[in-house]
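First chain written, first letter: the chains are A, B, C and D, and each begins at residue 1.
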Amino acid sequence: MKKVAVVGYAQHKILPNAGALNEVELIMPVVHKVFNDLGISQDDIGFTCSGSCDYLQGAAFAFVEGLSAIQTSPPIKESHVEMDAAWALYESMLKIKMGDADTALIYGFGKSSPGNLDSIISLQMDPYYISPLWPDRVSLAALQAQILLQQKIITHDEMMATVIEARNNAANNPNALLTDHVSEDLYQADSLISSPLRGFDCPPISDGASAMVIASEDKAFEFTDNPIWIEGIDHSIESSNLGSRDLATSPTIQNAITNLNLKNINFDVAELHTQFSHEVPFLRKLLNLTNVPTNLSGGPLVGNVMMCAGLDAIGKTFQSLVRDQSDHGIAHASSGPCLQHNMVVHLERHK
Amino acid sequence: MIQAGVIGVGQTNYDSKRRDVSMAGLVREAIDKAMLAADIEWDAVDAVVLGKAPDMFEGVIMPELYLADAIGAVGKPVLRVHTAGSVGGSTAVIAASHVCSGQFKTVLTVTFEKQSESNATWALSPRYPYSPHINAGAGGYFAPFIREYIRRYEPPEHIGWKVAAKDRQNALKNPLAHLQIPGIDEKMVSETPMLWEPLRYLESCPSSDGACAMVITSEDRVGSRNVAWIRGMAVRSEGTLSAGRDEVNPQGGIDCAKDIYQQAGIHNPRTEIDCAEIYVPFSWYEPMWLENLGFCDLGQGWKLTDEGVTALDGSLPVNMSGGVLSSNPIGASGMIRFGEAALQVMGLAEDHQVEDAKISMGHAYGGAAQFFAMWIVSSSKD
Amino acid sequence: MSDDQAPKDYKESFIHLEYQYTAGSATTTFLNQVKEGRLVGQSCPKCKAVYVPPRGSCPRCGIATSIEVPLTDKGCVESFTVVHIPIPGNPIVPPYVCAMIRLDEADISFLHLVQDIEIDQIRIGMRVQAVWKPKDEWTHSLENIKWFAPIDEPDVDVSTLRFKPS
Amino acid sequence: MNDSKINLLEAPFELSYKYKRSSGPIMSKFFEGLSQKKIFGTKSKAQKVFAPAAEYDPDTREALTEIVEVGPGGTIESWSWVNSPRSHHLLKTPFAFALIKLDGADTAMLHMVSDCDESDLSTGKKVLPVWSENPTEAITDINYFILES
């Protein structure tokens, strides 16, 4: 099977409200940025794939609008997932592995500011039994947080430390939306939105876009001296029946650990698509990352572009490995309530 | 590239309202049939690929999350594809890519729409601020392209009626088809009310509930099963409001067809392809796509239709199943084309079987005639 | 949630979501001009294609359309359909003509109405001009143009309209 | 194109639809039951009881057809207290979303718990449904659950 490398990644500055910018105006700068970094154009791209969600901005076919940001003459090989763009990366990787393309452009975009994300996310749930009760995204996440706390898998202190660390790390991330320092006192004084989650435990409403270029073994070195290889990638989904899941663990993360043989790898860096603070210590323990620098970008707690934050975790890991000349990175993308669908990516600098 | 083939196709019956089932039940009905046809059990399924058109049709966001249990995906990778009307076709291509990449051996893919849950026109056309009241539905969007085709090549008016009657006559031989209109003929079509000139009521697709599933597997897992080998597959996209597009004969369709012919070693599609399932939601798209896909020269497509070449007993039967004009669960409509193409070369198309079909084509398009997905399947591997 | 008149075989599930629409800079600029009775497109700095209404990009080239191009309100009917059925949410009474209007100097068309002519007289290539509402009714919408009406100029051969990059 | 000087056009709009849901045979029985103040689950071949009545077993992937009555009481498995209900919440006074394992079931049901304080809640607490006076064969035929006194 062909090996596939990440060769470029660009992220729009995360905005609280990108009102002035439509999806085209968000996507185009990041696509141009990643092309310019690599000295390439759409003509060098064999496959293009995007991730987005119509309901975020309330427009059917948001991705069709977004495609206007891309050069499509002559017509391009292109597809779209109504998922986080991390899954657009997955699809693109399959295209390269099968030999249908040597290179791929992946982009994701999301504007959460136009709508009410809480009620929109209710519509991800079972439409007969659950969404008519309009559970919001924070309350759903809180159900898992409560179980993790009760079973002492994580602690309140770990959640607080996660928030403080995320804000501190954000200072080094020029694209982060929230960079204000949070003290222990400030955290403790914050009100509970859905217990046990405070406002600080939740990600900000964010608008943005990101783009990535990946390439086959044959092409990667034409584009960059620093390809970062997708050494392993695995994803799987858990039951839609929230009440039948064991929320104290994650069988899909366990799948990835086994399938990617992660046990004996010493990771230098990790970026996790953890939208809520409790998910960070939970996943770090599951993935054996307690001593691995995690979410150096600040992660979703300092900027959470829906449909893009999973791709961003992969992109930020790529950037860390290039910048620090380190060897092994692990990235995680997620979808659905209480980490229902998880992807784990093992990135490696050396071939 | 790893060889892959379709070993099972499963379809629900299509109807305006499948009120007897939930969304999960609808999708599962197609899956159960596909797995039975493929003679596999759940443990053989390595990944699931789900496709459907906009989430607003059913008001369920990212429905792979809600459907994970029904589609048997728990513990497995699942991908959700959305490429507008072409989605059923692109979903099949992506499912096959899972196998051809070598990552997976056997993939279950399923597409659906339960249009009775909402009104398609509403779901696609909320009133947005600052936008004028011009929207006239899908027919209103495509009718001007059809009028331009007619202006260019001056075909007689009855061509559209002929396609509409032919596809519905074929539907009478497909018990799963939504529209079953006994005695349908050109005259009946021509007497139905005009909707969007030049399109009459019976020249337009219905709105349907339904699901279509397929099992695609790699060469080493086929065993002694009946198989439709995937000999070529491709997708192409054009920008929506892009200067210089020819909406009547889009370059994306031309390029996509050339790509799959080259992969399959087809030099003359008109003689080498035995039959085709082409995405024809409005009657005139049959001649338009025949030209776009290189079955004939520009301006000659309507003559193939007129001469009966595309009839079930013609030399290039098109839409043997009744096509989109007879069943249109939008998200599944493309995959039905791909699956019906496979059934033909597997010899499983029953009453609408084309005798001795060995090579067939599945085609889907979507958006503003800008998204294309196609494949060639064959009874033989090379 | 459910309604007593509803047949037994389904249940109603009411979904109500509220959004704030923001037009984006290209659309805002365009509609600000429309409010003043002007049609201003944008052209691609690379291939020179002129887009109206502009959406801020040239999908041919994948670049921003930064150059403003004032346009006339005259053009031709690139193609059209006669809509005979009522469309939910659309107040216009059928039959009416919905046409692809190609403004002079523009390289894409947009859909609008054609009136002030017998429906069976409308043809592809026919020259038309915008009929504006009274000025005091102008808003940020192409509805400031009531419809396009024929003008006494020779028809255009639409096959010559296809954009060729310069 | 990033001209912040122009006054951006903004306006509210809404997506407001009534979707027509058909429940299929299993969920129809569940909803019929609710309207008669009964809660039904489904039992798998391995005797696992899913409540509310699931159509498919996520693990064995079998279609579930055997209907069994459960509840109406249950125990709290997890909860999240919402002190200030937000615009889309059905209850306008403080309440909890909770995962409730109904008596006789092996899986939990997501619903709401109200008429109590947060400090009254804990895992393992017994709850009872408060039934709607105007059942419509919907999940909202249970208004919410209350703590068993």
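Observations on the structure shown:
As a working rule, a residue touches a chain if its C-beta (ideal position, glycine included) is under 8 Å from a C-beta of that chain, and two chains touch if they have at least 3 such contacts.
Bear in mind the structure is a predicted one, so any value in this text is a computation, not a measurement.
For the pair chain A and chain B, chains touching both partners: C, D. Of all chains, D has its CA centroid at the greatest distance from the CA centroid of chain B. Distance between chain B and chain C, defined via averaged C-alpha coordinates, is recorded as 30 Å.
Chain B and chain D have CA centres that are 38 Å apart. Separating the centre of chain C from that of chain D, both taken as means of CA atoms, is a distance of 45 Å. Each of the following residues of chain C touches two or more other chains: 1, 9-10, 13, 15, 17-23, 25-28, 31, 55-56, 59-60, 64, 140. Listed for chain A are residues 19-21, 25, 55, 58, 65, 67-68, 70, 72-73, 116, 119-120, 123, 127-128, 131-132, 238-241, each touching two or more other chains.
The set of chain D residues touching two or more other chains comprises 1-3, 6, 8-15, 17, 19-23, 27, 54, 58-59, 138, 140. For chain B in complex with chain C, the touching residues are 17, 19, 59, 116, 119, 121-122, 125, 127-137, 139-141, 143-145, 147-148, 151-152, 193-199, 238-244, 246.
Taken together, the chain D residues at the contact with chain B in this complex read 9, 11-15, 17, 19-27, 54-59, 61, 63. Taken in their complex, chain D has these residues touching chain A: 1-4, 6, 8, 10, 13, 15, 19, 21, 23, 27, 50, 52, 54, 58-59, 77-83, 86-90, 97-99, 101, 106-112, 118, 123, 138-140. Of all the residues in chain C, the ones that touch chain B in their complex are 9-10, 13, 15, 21, 23, 27, 31, 44, 47, 49-51, 55, 58-60, 78-85, 87-92, 98-100, 107-108, 111-113, 124, 140-143, 158-159, 162-165.
Of all residues in chain D, those touching chain C in their complex are 1-3, 6-23, 31, 136-138, 140.
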